[in-house]
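Chain lettering (A, B and C) follows the sequence in which the chains are written, and residue indices restart at 1 in each chain.
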Amino acid sequence: MSPRRRRPHLVFPDASELEEPLLDVQDLRTYFHTARGVVKANDGVSFTLNRGKTLGVVGESGSGKTVLTRSIMGLLPNIQLERSGSVRFAGHELTSLTAHQLRDVWGTQMAVIFQDPMTALNPVVRVDRQLTESLRIRLGLDRRAAHDTAIALLGSVGIPAPEQRMRNYPHELSGGMRQRVMIAIALACGPKLVLADEPTTGLDVTLQAQILDLLASLQRERSMGMILVTHDLGVVANRADDIAVMYAGRIVEQAPTKDLFSHTRMPYTEALLRSIPRLADPSHTRLRAIPGRPPDLASLPDGCPFAPRCPYAQDRCLTDDPPPRTAGAGHLFRCWFPVGSPEGEDALARNVAAGVPAALAFTGALAGAAISVTTVSVTATAVVTGSLAPDASLVPPAVPLVVPPVVPPVVSPGPAEGANGDATAGES
Amino acid sequence: MVDIGNANQAIERVREFEALTGTTGPVPPATATTASRSGLGVVFWVSFGWVLFMVLLAIFASVLPLKNPNFQDYSAVNIGPSIHHLLGTDDLGRDLLSRIIFGSRVSLIIGFASVGLALVAGGVLGLLAGYTGGWIDTVLNAGSLVVLAFPALLAILVIEAFWVPRSLLKLTIIFAVAGTPSLFRVIRATTLSFATREFVVAARTMGATTWRILFRELLPNVVPAAVSFALIGVAVAIILEGSLAFLGLSISLPTASLGNIVNEGVQNNNLTLNAYIALWPSLYIFILLVALNLMADRLRTRFDVRAGNL
Amino acid sequence: MAGSGTAQLRGDDLLLRVEHLVVEFGKGPRRVRAVSDVSFDVAAGETLGLVGESGCGKSTTGRAVALVHPPDQGSVRFAGTDLTTLNQRDLRQARTKVQMVFQDPISSLNPRRRVLDSVMEPLSIWGIGSNEERKAKARQTLESVGINPSDASSQRPIEFSGGQCQRISIARALMLEPSLLICDEPVSALDVSVQAQILNLLDDLKRERGLTMVFIAHDLAVVKNVSDRVAVMYLGKLCEVAPPDTLYRHPAHPYTAALLASIPEPDPSAATNGRAPLSGELPSPTDPPSGCRFRTRCPYAQEKCAIEEPEMRALGPDHFVACHFPLARPMVSTEAPAVAEPVGASPFSNA
C-alpha cells in the first residue's frame, strides 16, 4: 500500500518567478499571557528576506529569537497566545492560514532545523523511516524511490556510508551525524526557506564549522532563503547577508553584515561585540562586560529596554522608546544616541565624566570586581529616580572617583586604541 | 561525546531556569517568590485539612463525647441518621459514628505507621544505594526485587496464618516490610538523579563526609518525591487493611476497623436492611483516599522543578 | 598527537605537578581510556588553560586532579604531596585546598538550600568559626563576587539567574581559601554578555587572592583570554603546550591550527584565513588510532604517524609539541596580529 499523495491546497509559485521578497514579516507581535503578566516575546518585528539570501538573527537567551522562528512558521501552541502582524511568504499571508493549510507550507516550502537533534528526532524510529516518511507523503514517492532519494540526501549532507546509517536509530549516531540527519530531513522536500534555530550550539568548533559550511553550500545549490538564529555573532559574521540583532523581543539593529560590523550604530550591538573575547587580542585583555542582565519580557521598562545597561543612556532613553531610524541602505537601528554620531559621543563622554557605571565599565575605567551587584543596583536606582546623574552616595566606594580620560567610542572592532591602557598587561 | 550531552543539558537547564525565574531582570521581584511559595494551592490545603481532621478525631476519640463503640443498644437497632445517632446504628444497636471514628484508628495507624516505618527504612537504604552504588546497590536492589516479586496480599495472608495472634503491631510490621521495597526503589532512583549533580561533587571536594552528603545535600531533595509517593502508599495500605478486614483477617472483632464495619454491613442481609452500615465506612475510606491522592499529586507537581511553576 | 612524555614539565617545586595521569571508565572490552598518560604542571599564581573538543578528556582530567574521580595511574603532586597516595582522611583535608567551579551553574547549587547556607557549608563541614563568623565570611565573599548578601540569605538558587548562580558557586569555592581553583567550563552555559562578567571576575579574583587556576574550556578565545599557559588536548592526550600568545600566533600542532581555523570570529573582515577546517569526527576512544591519535584527521599525516607515537618535545623555550611534523612558523604567522609580545615569551616571535 503506497500512501496517497495529498493534493496541495495552496499553490506556490516557483521561487525564481517570485516578484516579491520570499519572506516579508511586518510588525509581528507575539505575546504570551502568563501568570506573571503579558510576556512580549516579539514586539513589532519587521524584516524581509529575498530568495537565496541569509538573514542572521542574533540575540541572547530571552531575546525572543526562538519564538520569532516559531511565530513565523505558526508553530506556537495556541494557548494564551496573542499574535498580530503580517507574515507573507511566497505570496501567501501565513497568519491567516488554517492549521490544515499550514501543513502544505511546512516541510515542502519552509523547513526548520532545531538546535538539539536528540530531541527533534524521534528516538525509537530509524533514520530510514524518519527521512522517507515525508518524502512519500509530501512528494508522493513510492517506497523504492523514497529510499533512493533518502540515501542521496544523506550522501549530500556528508554522511559516509549512507546505506548503513539508514538502519540506525538516532542514539547510535554521533552528535555531528545527528545534526546532519536533521538537515537532511529538513531539506528532504526541497523547501524554499530554512529556519535554522541555533543549529550548531552544543557542537564542537570543528563540527560547527563543518555544519555551517554544509548549510551554506546546500543553500547556494538550492538557492534557498535561510534564517540563521544564533547567540554567537561569530557564527553569522561570515555567513549571513544581513544581520538582525534582537534585544528584549525586538530588532534593535539590522544591517548588511559588513555594515553592521564596520558602522555599528546600536550601543547594544557594540557592547556585545566588545564583550566577546577575541583571538586577536593578547591574553588577559580585560573584557568590556555589559553590566546587569537582559530585562524581563513580562515587565519591560519604559523607554529603551537597553537603557539601564547602556553606556550611552541619557534621561531621555529612560522615558522615550526610540523608533527605528535609518543609517544608509538597509541599515536600521533604534537608538537616540547612536554609536559613532556626535550626539552619541557626547552622551558617552557625559556619562563617563559623571561616573555612570555602565559607561565606566564599557570604557574600561572601572577595574576590579566591583562591576556587579553594586553596579546593577546603582543603575537600577538611577532608573527608578529617572536620572542617570549619579548621586554622590550612590557611587560605590570602590570606584575611584578620578575622571578617566574620555575614550572616543571606537566603532571598528578589533584591537582598539583604548584597549591597551586598561588591559591587565604586566600580569604574570 | 559525553561532554556534548552535558553541555546541552547545562545550556538547557540554564535556559529553563531563566524562564522560571522570569527570564531575568534586576533581581526578580516578589512575584517569582510568592508564586513558588504558594504553589501548593487550595486543593492541597483542603485535602490536608481533611486528613488532619480525621487524624485528630481518631487520636482524641476517647475524650470526645462519643458513645461507646461496642455498646449494644437493642432498643435502637438499625435506625437511620438521627439527632441521637448522627450516622445511625447497626444491626446490634451500636452507634455507627463512634464505631467509624474508633475504627479509623486501626486504618490510620496501619496506614501511616507502616508507611512511616517503610519510609525510614527504604529512605536510608535508598539514599545509601543511590549515592554509593557498587556492591551495596547491587545487593539492596536484588533484595528489593525479591520482596517485590511476592504477591503482597498472598504473602501477608501466609505470614498472618503463621504469626498468631494478630495484633495491630504485627500488622503494622508486616505492612511496613511489604512497603519498604517500593519506597526504596523510588528513593534510590531519585537519589541517583541528584547524586551526579555538581553540587554533590562540590560537597565532596569541600571535604564533606558521605553521611553529611546523604543527609544534608541529598535528603532534602529526595524528600518531596518520597513523601508524595508515601502518601499514595498510605492510601494503598488503608485499602489493603480494609480488604484484609473484609476477609476477616485484620484486627479481631469486636474491635472496630473500617474494613470490619464494611464486612458487617454486607453480612446477614444487612445490605438490604440497613445500607448505612456499609455506606459510611466506605465513604470514609473513599474521601480519605481522594484527599491523600490529591495531596500527593500537588506535592509532586510543586516540587518537580521541571513541570512545576510554569 | 598524542603526546606522552614529560618534556613540558618544568621544575619540581611547582604548586601542581601531574604526571602520567590515566583515567579509565567502564569494564572489560568497553573500557575507555578517557585520559591517557597526560602530564602537566602549574606554577603558583599561574592559570593553565586546558582546551579541546568534547570527549578529549579535559573535564575528566580536571576531576582527576581534584580527586573527584581518582586516577587509575599516575600521580597528582600538589604542594609537595602526592594526593593519590593519601588515605581517606588526609585526602579530605588536602582536598579543601583544591576547589572546583562547574559548567552548569544551576546544578552546582543545592536547589533545596538557601544560597547563604550553601556558601557557608564548607566552613560548617570543617566546623570553622561560630555560626555568626561563618555567616559574616559568607556575606563578605558573596559581596566580593558581586552578589547582594541580603538576597542570598533568604533566597534559593531558583531565584537567581544562571550568571548569578555561577558567581555564587565561585564564592562557595573560595570559602576555604583554596590555592588551586579548577574551573570546568565555567562560562559555556552562560550568555555572551554574562560570560564576560564572569571571566573578568575570575581574573580579578585570581589577582587579588593569588589563586592558581586550571581553566578548562572548549572555547579557544575564552581560554586565550584567561590563561598564562595553554595545553591542547585531543582524545585523551596532550598535543601542544605553550603560552597563549605564542600558541595562537604560531600553532605548531596541526590540530591546534585546525581548532584555531574553526573558530567563528565575529568580524567579517577576518574571514576565511585560508586554513581549512578539520574534516571528519573524533574516533572512538574505545579503539583509538595507533601511533599519533590525530593522524586520521590530520592533513599532514605520514606513514610514521601510524607507527610511532610522537613524544612531547620542545620547539622553543616554553613551547612544546607532540608531533612528528610540526608546522613551520612562517606558514601560519603571516596574518599574525600586531600585538606586543609579552616580554620573554618567545624568542621566535620575530622569525
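Annotations for the structure displayed:
Rule of thumb we're sticking to: a contact is a pair of C-beta atoms (placed from the backbone, for glycine too) under 8 Å apart; a residue touches a chain by one contact, two chains touch by 3 or more.
Remember, it's a predicted structure, so these values are computed and weren't measured experimentally.
Summarising the inter-chain contacts, the pair of chains with the most C-beta pairs in contact is A-C.
Using CA-based centroids throughout, the chain positioned farthest away from subunit C is B.
Here the spacing of subunit B and subunit C, counted between their Cα centres, is 48 Å. One simple way to say how far apart two chains are is to compare their mean CA positions; for subunit A and subunit C this gives 29 Å. Within subunit A, contacts with two or more other chains are made by residues 61, 174, 204, 293-294, 377. Among the residues of subunit B, those touching two or more other chains are numbered 1, 4, 7, 11, 14, 18, 24, 27-28, 32. Each of residues 54, 148, 161, 218, 282 in subunit C touches at least two other chains.
The part of subunit B that touches subunit C in the complex is made up of residues 1-4, 6-7, 9-11, 13-14, 17-18, 20-21, 24, 27-28, 32-33, 36, 197-199, 201-209, 212, 216-217, 220-221, 305.
Interface of subunit C with subunit A (complex): residues 45-46, 53-54, 143-148, 161, 163, 167, 191-197, 199-201, 203-205, 207-208, 218-222, 224-228, 243-245, 248, 258-272, 277-279, 281-282, 337, 339-340, 342. Residues 54-55, 59, 63, 66, 68, 92-93, 95-96, 98-100, 102-113, 118, 121-122, 125-126, 148, 151, 155, 158-162, 165, 169, 172-173, 176, 185, 188-190, 218, 282 of subunit C touch subunit B in their complex. Within the complex formed with subunit C, the residues of subunit A that make contact are 60-61, 174, 176-177, 204-210, 212-213, 231-235, 237-238, 257-258, 261-262, 271-273, 275-291, 293-294, 367-375, 377, 413-415, 424-425, 427-428.
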